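In this document, chain identifiers A, B, C and D correspond to the written order of the chains, with residue numbering beginning at 1 in each.
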Amino acid sequence: MRHIRLAHQMFIPGTLIGPFTQANPGLGGVCTFVGEVRYDQGVEALELTHYEPLTLPGMHELADRAFARFDLMGLLMVHRVGLMRPGEPIVCVSAAALHRRDCIDAVDFCMDHLKSAAWFWKREKRGGQWHWIEPRAQDAADLARWQG
Amino acid sequence: MRHIRLAHQMFIPGTLIGPFTQANPGLGGVCTFVGEVRYDQGVEALELTHYEPLTLPGMHELADRAFARFDLMGLLMVHRVGLMRPGEPIVCVSAAALHRRDCIDAVDFCMDHLKSAAWFWKREKRGGQWHWIEPRAQDAADLARWQG
Amino acid sequence: MATIVLLGKLADLADAPSIALPLPRSAGLDWEGLKAALPTPLAEALDDPRVRVAVNGALLPDKMKLQANAGDEIALLPPVSGG
Amino acid sequence: MATIVLLGKLADLADAPSIALPLPRSAGLDWEGLKAALPTPLAEALDDPRVRVAVNGALLPDKMKLQANAGDEIALLPPVSGG
């Protein structure tokens, strides 16, 4: 069971996970990561833009790679775009598998790629000013773990 | 926020995660693993026994080690004991942190230890007969990843 | 006319999320031609090797070999930061 | 009397989750004494180096150095398989 989409409005991760788990009967484990907008120093809002012709197809390609690499029964990826406030979810990735290692590693893999190899651009509003978020060296290092 | 307990009855993981997430305001990410009894060939039931004087104290020690090793805001570990049917949850581990790497790794760490270094014994009923589950080499290998 | 779509901070450099670039139906547009047609700060930012280019939703393996025509959508994609 | 608590498959070897072991109040119980007092299949299973022993809820670093007395609870713990 594959559920991949962009969310243009606030979503509640808890409402996704129950149906996702139900949709994969016989699973041994399900791992879920939810990322939220942090209450960082003076952050008033966060905006994620994307490029429609690349973003969702890129998420589907990422799902293909996760299914090829791990022994998965189901994969859910929901990523917010648009304007968000601190405390709101940005991303929810959930993987169902017979064995825990596959589903935990698949979530880890998808998050590292969504973070630094998917077509999203993030900016934060602090003190009324928007600031683009640059990719971090740590993100590139996280991604490199899956190569070779 | 630390929530560690043994569950003697069926529990619904979804009812744990919402309150756990709410109890850790300001988190950047929350990772959750839920293990369920698989519908393996002819498995009718599964029973987990434990040794009360060691099991829950051991889970608290494991939580101490997770907090020492990762930068965590909260950790939830709920583990079933007693008789379970296929499809029922056995274990739910959830970690909240500022950054995704800490919460994903903490869940991975706790699961590897609950699987092969916590005081639980598991047996399966197949064809009306109970069979004890022996520890697997893979479990020992998973555990070894965290040593040294 | 070709449409230039600007993502992330590149949109700030042009003060707009997209630019309509006049382009005769018969004429093609290459990489140098594109840069010459854009505001200087934007054109300079494109030299960053991490900036990728897509034409009509297809990523170019080598942006320097851009060949676009009237009616095309050219997306300029700076380094991403998602999740 | 000492109580022997049997976990996992060790309980099957004794057909019981625990055994009440008669033990005079003045006498101690060591590792060889414990094994001699248990049914043979169970005593043999205890030699597996993976079998751990706890006295009154405290794990023994070395089960061979067991020293128990009347009133103690001795738990015999085979290899675990949780999660």
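The rule we apply is simple: a contact is a pair of C-beta atoms (placed from the backbone, for glycine too) under 8 Å apart; a residue touches a chain by one contact, two chains touch by 3 or more.
Here the structure is a predicted model, which means the values were calculated and not measured.
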- Mind listing the touching groups among the other chains when subunit A isn't counted? B, D | C
- Query: How many Å are there between the centre of subunit B and the centre of subunit D, using C-alpha atoms for each centre?
  - Reply: 27
- Task: Would you kindly tell me how far, in whole Å, the mean C-alpha position of subunit D lies from that of subunit C?
- Result: 76
- Message: Using mean CA coordinates as chain centres, what's the gap between subunit A and subunit D in Å?
- Response: 50
- For subunit A, residues contacting two or more additional chains: 35, 100, 111, 115
- Task: Enumerate the residues of subunit C that touch no fewer than two other chains.
- Result: 83
- Message: I'd like to see which chains touch which, written out pair by pair.
- Response: A-B, A-C, B-D
- Item | Partner subunit A, residues of subunit C touching it in the complex | 5, 7-9, 12, 54, 56-57, 59, 73, 75, 77-83
- Note on the structure: In the complex, subunit B touches subunit A at residues 14, 17-18, 21, 25-36, 38-39, 87, 98, 100-101, 103-104, 107-108, 111, 115, 142
- subunit B residues within the subunit D interface of the complex: 35, 48-49, 51, 53-54, 79, 90-91, 111, 114-123, 132-135, 139
